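In the two complexes below, subunit A is the common chain; its partner is subunit B in one and subunit C in the other.
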Partner chain A sequence: MSRNKILFGIGVLAFVSVIVTVRLGGFLVDNEYRQPERQVAVEEATGEAEATPRQQGIADEQAADEAEARARPYVEAEYRAVPFVGSRVTVWVLAQLHLLFAAFVLAVPIFAFIIEFIGYVTGEKRYDRLAYEFTKLLSVSFSMTATFGAFLTFALIILYPKFTNYLMHIFSPTFLPYVLLFFLEALFLYSYYYGWGKFGPKMHLFLGFMLNVVGTAIMFIANAWLTFMMSPGKREDVDGDGIPDFVSAVSESGALLSLRDAFFNFTWMPINIHRIIANVAFGGSIAAAYAAFRYLQARNDEDRAHFDWMGYVGNFVAIIAFLPLPFAGYYLAAEIYAFSQTLGVQMMGGTFSWLFVLQAALIGNLFLGANYYLWLGMGRIEGTAHFHRFIKWLLIAIALCFAVWATPRYAIASVSEIAAMGGSSHPQLSYLGQMSAKNTAVNILILSTYMSFLLYRRTGKTSIHPQRQLLARTQVIIFAAAAALVIFFGVFGYHQSVDAATRIRFAIPQVYSVLAAMVAITVIDLPLYRNARQTGETQWGRMPAVSQYALIFIALSFTWLMGLMGYVRSGLRQEWHVYGVVLDTSPDAYTPTLGFATQIVSVTVLIFFGLIGVVFWLSSLSGKKAWEPKSAVEADRLGEGHAA
Partner chain B sequence: MYGLNLVVVLPLVAVAGVLVWRRANTLTWLLFSLIGLWAFFKFGFIVPIPQSVATIYLGITGLALVCYASSSRERLAETVQPIVRLIVEPRYRLALAGLLIALPALAAYNVYADLTAPLEAPGFGREIHPPPPTELTVHDETLDMATADNPYLHYHEDDPEAYEQHLENGRRIYYENCFWCHGDGMGGDGMFAHGLNPVPSNFNDVGTLPILQSSYVHWRIAKGAPGLPAGGTPWDSAMPAWEKFLTTEEMWDVNLFIYDFNGYQPRALGQH
Partner chain C sequence: MKLSVPMPVKMVLLVLGTTAFYMYLGQIVPQKEEHPPPPVLISDDMTTEDLVEIGRELAEGKGQCLAACHNIGSSGPSRYPDLGGIGERAATTIEGLSDIEYLAQSLYEPSAYVVPGYEDGMQPMNEPPISLSDDEIRAVVAWLQSLGSTPTVTLETELGY
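Showing the complex of A and B:
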């Protein structure tokens, strides 16, 4: 029996089961009560039906309900509940799904545009095809974003009517531009997608550029709404005493004082920066996961080669955007701390600090996964054995840094462990739990990942530059100097003479030395390997299946990370809808346990991946062959049908 | 040395040296790394590291080793080959039989050890720095926690004599009231500290005073354990609410003194 027949049979069985269940339920309800014989006799004798106590009771209840409904005055609802799940979880999941799709829709055009531009400059058609392949994912994702956006808006209006009304009071002037921009986004997106090959290259690139401009503007407006909830105003030294004062955008009663201050609030720009970078990293990883999905499905070498390359580019985009992300994250966290000590302590020292240990684990996994994929990628090229010996040292550096980053400042410990340590922090390991160690670890992780990429870039090539030895040694010296500087600042930060502010500011030279090293090494590497002699051919499509699962793993980790950190940022407000202004008085106005929060994040990620699977499937339909009749008889029948 | 248990660490280093000398294969290195690091995390520190942290480290180790073993086709083959040989070659039958007995026996021992471990209250993650309120009322005076600062700190620049007086007063108050728990040197190791769980705060720690604004420390001194927020219980703190025993000025003075004594500056408002 064919698979289709089995599936059809299961479908019919399921349908029949539903019908039978409904009919059975109806039968049971209809026959829940039978009139007693006595009443039947009375009805026959008098010709009038005597109401049974049950019927009388139902009628009385209906009359009472009606009277109560008429007597009840209209009251504005503050909150409405969702059975079983609760209002907060409903809004939480919807907002997260909307954001995940929105992030993807905003990110893909950024790198699709860049790839198309590279194709335009170099004249290589494969870049154009790749950019189109990425853009194919946008159409369905855009619909998903809009659907979840509408769902979220309705959920907010229904479940949090008073608070939503308040946000409208503050931000109503921004809604119309938002809708207008959304309309323009749709216009540019569809003209960019459907106009592929229909417009001239410059015009098409212009459409892509405008799509990005409009998309970013939309995000900036939405960011103002959410950051206002966290920091409803700005800090400014009003009295000139050198200490920044809080300038609220609203009065004590919550009335709007300055839309400008509400919009350009304290955490608006840090969120903008963080989200743009994170979106690109996330979008790249999802696009790479799509390529992995197609690679695993591919049935010929040509498709495997194409999707292998697409996965590589998607992952490359994700990792390049991911490298500066920790710094953008620190900037955001530092601004939150600077805005409010309470929020800062809550985030980094309070309940939410445990989630940063999870964050560290995820980020460590991301770095490990990204490097692992690059190392496996060396297998595409013949004659790379001598590069494999470096993998061991890179892996040791990455694992060490991962361990440092995942070390909590204060460990979860049993009573006997606490007694042995003399407190909640271990006398040696607690040093690894501080910012100096974390900054050092992340910088070394970035350097190591960059080195993995550099090794990958060199596989199968031999430099023919006359000064190749000198240049290569210079690169090693720069790399070693940057690593030494990072470690020096990390260790020196613990010295008694260094105060907290200076210690945290050491992060700046650490970052600059890593960035400078990466730029300098790249600048040297370009001439060093220009016109290099090929010693091995890159064979796209020659990757083990595990590499594709690594790409999917990276996408999954990114998504989980976004969900987790989104919860931290939003949850920090605790019992406030708008921090310090509008109090949350709903039954959900408590901080959920960390376990519950991570479960909600996990379920949201699963739903997202289910939906993105649908997006992948729909996007892959366009590449499939047109349907053809399976047999000559069917073809004849269809032919007759058409003829008729 | 640096809190390491050399009885464990030195033999591990010696075994690693032997493996280098004998040019051990990949599988041997992987097994040594896993077992050696387990031993190091479990017994390598004089003060044992908590199980939760050791589990994180071992998870990372396992992941890294899997990545390494499968990072190329050749390395994967090199890693798997000895295992395949152990299974298929007749001359290893005895070793295979031993392994087949040893592995379940190890699992059984693990279950036995878990079940016979002494009963203990489960571990918990305690919040060390509870989030402060936005406003603080002490002796009928309400402070904005975000902007409040030690009112005598500016004397350090403006009036050094007055600063010294407040500092001296803070010193007196500290050694009359606080040192019993927080210790002579403020290391959280006063004479009562051993009777307390969790132990009192260590003010020498670079991760405590410098990252907090002085208003935060004032809040902790004034309100003590009874004033801790409900959000992150269990607090289990024995810190008294000193507003019941000291004046506002005395509390700011002792605040000044503990920062000065440790050579730290309070975190400034708006500071990153």
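Showing the complex of A and C:
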């Protein structure tokens, strides 16, 4: 007997057992013991069977409940509780799962569209196949996003009815456009996916473009809702004194004054920018993890080569988007500070200061993972030994930057620790916790990762440009100058002649010097290695298995990072639903410990990875061969069956 | 014989191991639960000394940024001016303003005067989300006066706001 038949038999047996148990229970309850002589007497007198004590008890309870329900006046609930888990955790997990799937669904079309466009321009079919492979992940993920979105909405209405009602009071005019855009997104997404190869390339690219436009518009609307909760108004110089004043979008009682100000509130655009970049980085990493999953499953060289390339492209997308992310993060943080110093200090110097140490560990791991994958990738290409000597220096630079970034400025410390340090900040190490040091560290990290990309790009190639030595030296000088400028501003920021405001502004030349260096080096590198002599072929599919686990590790770290940063963005409001307007009066109106928050983030990440595993599996089914009978006998039998 | 761990098992172990590692990091950092600041009761019979104590509590609690943004007599890095000795400096910082008037202006209207070398940005203490009452601001002024001078504020003191 085959294994499948045994499993089927066990399933049937289990089903029948459940039915029998239920029926048996029902039979025993229906045939409760009754005294025979009383039964006959009552039946003769009333014409009805007498209720057993149990039935009578149940009827009495029901009557009492009904009477109590009728006597109870209707009271509008402010909050409802979820047993064991709690309302906040329920909404937290649902919102995070919705956001993770939504981020993925918004990000993948961006780079799928770009890759398809590259394929259209270059005429190379492999790009088209790659873009389609990415798009295959969207269909199920879109359903997951919608499911968790609906789940979250119901949870908010049920668990936080008063607050949800308030948000509806503010944003009800935005709901219909949101629903219409969502409908359009479904239309464009499914026509983009199912129309692959069915439409002309221009029409198909148009569908992809519209999918991105609509998806981004949806995110912008949803971002207005959540940023309003943090910054319910805008800053504008109302009195003409050159100093921006806070213009609230709502009155002191919370009544809406301006939907426009509520929508285009202070942190709306910084969040939009940050989310677009973060979504692409996250989406790229998840797509790379899918490629890794398929690479490890692959049974032939062709598939291995394809999914190795897909993993490389996914990781490339993730890291390229990740490089400017710290800048977008600092912009968002600066805007939060500008909106409210209290929020800003709470974020970086108060309760959440240790959270940023965790963030540093995650980002450090992401940079390490990405660089490690690139260094391993050099093994795909012959003749790369002379590049290996740079790796240890890059590793040292990354590790040092990691350590600086992980140093907090203020620490939550015990009384004795504070006494020993002479304050809540360490007398020496706290300097590394300041923006000067952190900006320096992140800029050097970015430069180092960029160098890894550059080295990877050069492997297996020798420039034949007539000015190759001059150009290569120019690149080194630009790189060294950018690094020197970053370090100079980082160190000079601590000079006693530099005040706090100027020190913070030093971040701008630091960022510009790094961005300018990356652009300039890339601009030189393109002609330098155009038509370069190939000294070694890239052999896709020759990556060790550990490199694929590195891709999954990167995706995990990205997901965990998104969960953590989602927590801090929301947690910053502390006991406010809408900062300064609607106070949280529920039992959850406090900021939990970081340990508790990381437990919730971890559970969310595990659920997400369980679900994304299902997405991967379902997506991988489309590439499998159609089912065929295993034996000739079975084929004959089926053939007869069909004929009959 | 070489033991070969199947790929799905390795993946599950990687996911669980990485998540557990990050969760572990979250457990070893200092843990602190932040509750909303308890209400501070100010009664009519409170003396200036009582107000100083209440003001200190408010600066560390409901006033939020007051103690977190400023150093008090220490030389570490600070976003806003050191409050050490502010009670003494307040009387002479702006010509024509007494120490109480200057301190009250700093709390009600912080953008009106910004100490050179520092950026504007402090929030008015009487507005949401901090929303200190007038009496609570009197208490904070009394506490600030006590940092380098003798506090004189009472609940009858007129702050001009």
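As a working rule, the second predicted complex is superposed on the first by the 562 of 644 C-alpha atoms of A that agree within 3 Å, B and C clash if a C-alpha of one lies under 4 Å from a C-alpha of the other, contacts with A are read in each partner's own complex, and residues count from 1 in each chain.
Keep in mind that, in the parts below, a contact is a pair of C-beta atoms (placed from the backbone, for glycine too) under 8 Å apart; a residue touches a chain by one contact, two chains touch by 3 or more.
This structure is a prediction, so every number in the text was calculated from the model and none was measured.
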Inset, instruction - Quick one: classify A:A406 as touching subunit B (first), subunit C (second), both or neither. - result: first
Legend entry - Touching partner for A:Y549 - first (subunit B), second (subunit C), both, neither: second
Legend entry - Partner chain(s) touched by A:T591 [first = subunit B, second = subunit C, both, neither]: both
Inset, instruction - Determine, under the contact definition given at the top, whether A:A361 touches first (subunit B), second (subunit C), both, or neither. - result: both
Legend entry - Contacts of A:S602 with subunit B and subunit C, given as first, second, both or neither: second
Inset, instruction - Count the residues of subunit A touched by subunit B and by subunit C, then name the partner with the higher count. - result: B
Inset, instruction - Report for A:Q574: first if it touches subunit B alone, second if subunit C alone, otherwise both or neither. - result: both
Inset, instruction - Could you say whether A:A338 touches subunit B, subunit C, both of them, or neither, answering first, second, both or neither? - result: both
Inset, instruction - For A:Q434, decide between first (touching subunit B), second (touching subunit C), both and neither. - result: both
Inset, instruction - Check the residue A:Q346 against both partner chains and state whether it touches subunit B (first), subunit C (second), both, or neither. - result: both
Inset, instruction - For subunit A, give the residues common to its interface with subunit B and its interface with subunit C. - result: 243, 337-338, 340-342, 345-346, 349-351, 354, 357, 361, 409, 411-413, 422-423, 425, 427, 430, 434, 499-501, 574, 580, 591
Legend entry - Touching residues on subunit C, where the partner in the complex is subunit A: 7, 10-11, 14-16, 18-20, 22-23, 25-27, 29-36, 64-65, 68-69, 71, 74, 76-79, 111, 117-123, 127-131
Legend entry - Partner subunit A, residues of subunit B touching it in the complex: 2-3, 45, 47-53, 56-57, 59-61, 63-64, 67-68, 70-75, 120-134, 145-147, 149, 188-189, 197-199, 202, 205-207, 210-213, 215-216, 231-232, 263-265, 267-272
Legend entry - Touching residues (chain side subunit A, partner subunit B) in the complex: 235, 243-246, 334-335, 337-338, 340-343, 345-346, 349-351, 353-354, 357, 361, 364-365, 368, 371-372, 375-376, 378-379, 385, 388, 391-392, 395, 398-399, 402-403, 406-430, 433-434, 494, 496, 499-501, 503-504, 544, 546, 574, 580, 591
Inset, instruction - Provide the residue numbers of subunit A that touch subunit C in the complex, in ascending order. - result: 243, 252, 293, 296-297, 337-338, 340-342, 345-346, 349-351, 354, 357-358, 361-362, 409, 411-413, 422-423, 425, 427, 430-431, 434, 499-501, 549, 552-553, 556-557, 560, 574-576, 579-581, 589-595, 597-599, 601-602, 605-606, 609
